[in-house]
Amino acid sequence: MAFSSLNDFLAMGGHGPYVWSAWAMTLLLLLGSVLHARHERRQLIRQLQRRSRRERHHAAQGRTPRSPSRVGDINDT
Amino acid sequence: MWTFIHKLGSPKWFYVISARLLPWFWAAAAVLIVVGSIWGLAFAPADYQQGNSFRIIYVHVPAAFLAQSIFVAMAVSGLIFMVWKIKIADMAAAMMAPLGAAMTFIALFSGAVWGVPTWGTWWMWDARLTSMLILLFLYVGVIALRGAFSSRDSASRAASVLALVGVINIPIIKYSVDWWYTLHQPATFSVTSRPAMPLEMWMPLLIMVLGFYCFFIALTLTRTRSEILRREATKHWVRELAGEGR
Amino acid sequence: MTLRLQARELACERDDRWLFEDLDLDIVAGEIVRIEGPNGSGKTTLLKILSGQLADYHGELFWNEMPMRQARDAFLSSLLYLGHTTGVKAALTPLENLAWYQAMAGGPDSEPARLAALDGVGLAGFEDLPTGQLSAGQQRRVALARLELTPRPLWVLDEPFTAIDRQGVAELEARLEAHARNGGSVLVTTHHALRATPALRHVRLGAGNAHVQH
Amino acid sequence: MPMSSTEATVSKAEPATSLHREPSGGLRVALQATFRRDLTLLLRRRGEVLNPLVFFALVITLFPIGISPDPELLSTIAPGLLWVAALLAALLSLDSLFRGDYDDGSLEQLLLSPQPLAALALAKVAVHWLLTGLPLALMAPVLGIMLSLPAGSYLVLSLSLALGSASLSLIGAIGAALTVGLARGGVLLSLLVLPLYIPVLIFGAGAVQAAILGDSITAHLAILGALLAVALMLAPWAIAASLRISING
């Protein structure tokens, strides 16, 4: 242990603001990218589910859904 | 070997395999970064010259390493995409770029903050910081170029070419900036130039560097998987997955 | 004379949308092939693939029984492509424009040939005006003069009748037929209905599949 | 003259086999023709050649006004100012390098030539340098006088600019080729290209600085030459690849 007390640790020998701001910015960006990736993934999966539900619904009504991978169709994403 | 590469290049196969690897990389990243942080912040001895401000290098150096590595990884992915037309490579390249820019920013920010107690100023035209700043511009350029095309295929190719041009230029830029700096300023000591660090000082650094690399791999895999869902939304296997809610 | 352009299971995907799939084509000497289809069915894209500008396709292309990748140089020196845009510089005179095309085609530098070609498309007397001062139809004619100036067996023409008057259309149509009679081939997209001749063939794009009609 | 009569001569004079004529002149003829065509085009629109030069002079005028007319101060920053201003002026003209060809369809024809696209692109870049980089290099000494550039560095200024701007044209052409298909590529172009210009700027301005200090300039010029050699070797391929991408945009 390089510090004798918590106060010592937080003060970082007078360099506290600098050390902590650099670490805080790093932590912020790392956490931010994790949260962003998670949010992105959830949203995509929700979108896909909504779409497959819609298609099942169409199929149940006897309408064939237009396949977006075919020509002359606009991708509805 | 070839069949392996092409199999890896198939989005479905990649999706399945990466799902198995992901937890390990996330776990490794979390453990390494937590251990490295505690060790580096609380247990490593203070530097005899800089005191405790040197603890910034535990985020500065890994971020700077990663910033450069990600650009190289992006260019290699671009090359793989251009030569073998493997779409996964392009998806990964697209997902890496923002993280690379973020890492460059961390390196710049921590370097600038470190400058206050050391040089007494928020910004020094130090060779390393200048190179990092240019790297940030290169990242912004690649991201902006990719966003500027309306056709995604063209965007992917253009970004790949630019990443390759950039990666050839990075060493040239680095050497010329180093040369420029020594010409204008007798070398003062910078964030990372220090003779023989004791083991207790560089072990946490090594752990942090490894942790950052694991973080990069984990995040890129995760986001590439998302990108697969986005780009292959019309494919049958993606729909099946979506139906199961995975 | 050999001239054979084949496409096997040609398919083009642009941004996850299939423009066309499973297209088989076999173009031989003496044919005029008209590509048809509604807007956005990929006519221009198909012409770009068949003229070697787009390498981003699935399937295979053969030029004179050789895979396109190997035959590319021979193919390009047998090809004359006229695109949507004319490829004519407004600031240069028709003569200067043609001089560049002559050099690019590797032909001898011959002013009489250029004058004759311009004469052939009804531009006698306009040779030395900046092309920008000519009408749209006349600018198109400057581009069409290349058909005579740099003889190539395979013509790929994207909407060549655009902006041309009725007289010019008839002349151009006659020129395409003459080219086919002489053993050349023409690949063309147009909204204009071509006169039926034995040489004429239609390829329809659209609805996901290409239909080849003889 | 109506088409029917020429058609008759065509079918007589050109039997089927002659349709299969191989290109005889080859690369040299095509390069010369492209070079001559671009030169004529630019000379006919003289504004495009003059604008970067006027811009160069204007920017150099702004600095004494913005900083100070003090000759001593100006002379210390002159090498850098002249180089940065020349670099920006060269950048200004880049956007039009392939724009005209893209708009009127000549670019497609360039791509479909049996000649290698990289070589043809190089001819176009050569014209760009000849009518942008070289005039800037020749003009720089005049502006150097206005900034009280110390005597003895004028020749080096011109030489380093002439050598360096060739690299700038080559690197810039990659950016121009990448953005030519985009409607508003201008600002993006400078964002892509400026970071890549930095090594040239360092050694170019460094050469002038060294000449003022009385140091040897051979190292600087040699490095500028080496940068140009690398750019000459690699840039044409990158330009060709970029043009192929842009044409499909």
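Note that the chains are named A, B, C and D in the order they appear, and that numbering of residues resets to 1 at the start of each chain.
To be clear about the criterion, a contact is a pair of C-beta atoms (placed from the backbone, for glycine too) under 8 Å apart; a residue touches a chain by one contact, two chains touch by 3 or more.
Computed from a predicted model, the values in this text were never measured in an experiment.
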Ranking B-D and B-C by C-beta pairs in contact puts on top B-D
Farthest chain from chain B, comparing Cα centres? C
Roughly how far is chain B from chain D, centre to centre by C-alpha average, rounded to an integer in Å? 33
Here the gap between chain B and chain C, centre to centre from mean Cα coordinates and rounded to Å, is 48
Averaging over Cα atoms per chain, report the distance between chain A and chain D in Å. 44
Dist(centroid_CA(chain A), centroid_CA(chain B)) in Å evaluates to 18
For chain D, residues contacting two or more additional chains: 248
Chain C, residues touching no fewer than two other chains: 15-16, 56
Touching two or more other chains in chain A are residues 68-69, 75
So in the complex, the part of chain C that touches chain D is made up of which residues? 1, 29, 48, 51-56, 73, 76-79, 81, 83-92, 96, 99-109, 116, 119-122, 124, 148, 151-153, 171-172, 174-175, 178, 181-184
The answer for chain D against chain B in the complex is residues 174, 178-179, 181-182, 185, 188, 191-192, 194-196, 198-199, 202-203, 206, 227, 230, 234, 238, 241-242, 245-246, 248-249
Any idea which chain C residues touch chain B in the complex? 14-16, 56
Per the contact definition, I'd like the list of chain B residues that touch chain A in the complex. 33, 37, 41-46, 51-53, 55-56, 59-60, 63, 98-99, 102, 105-106, 109-110, 113-114, 116-117, 215, 219, 222-223, 225-226, 229-230, 233-234, 238-239, 241-243, 245-246
Note: in the complex, chain B contacts chain D through residues 82, 134, 137-138, 140-141, 144-145, 148-151, 153-154, 157-158, 161-162, 164-166, 168-169, 172-173, 175-177, 179-180, 183
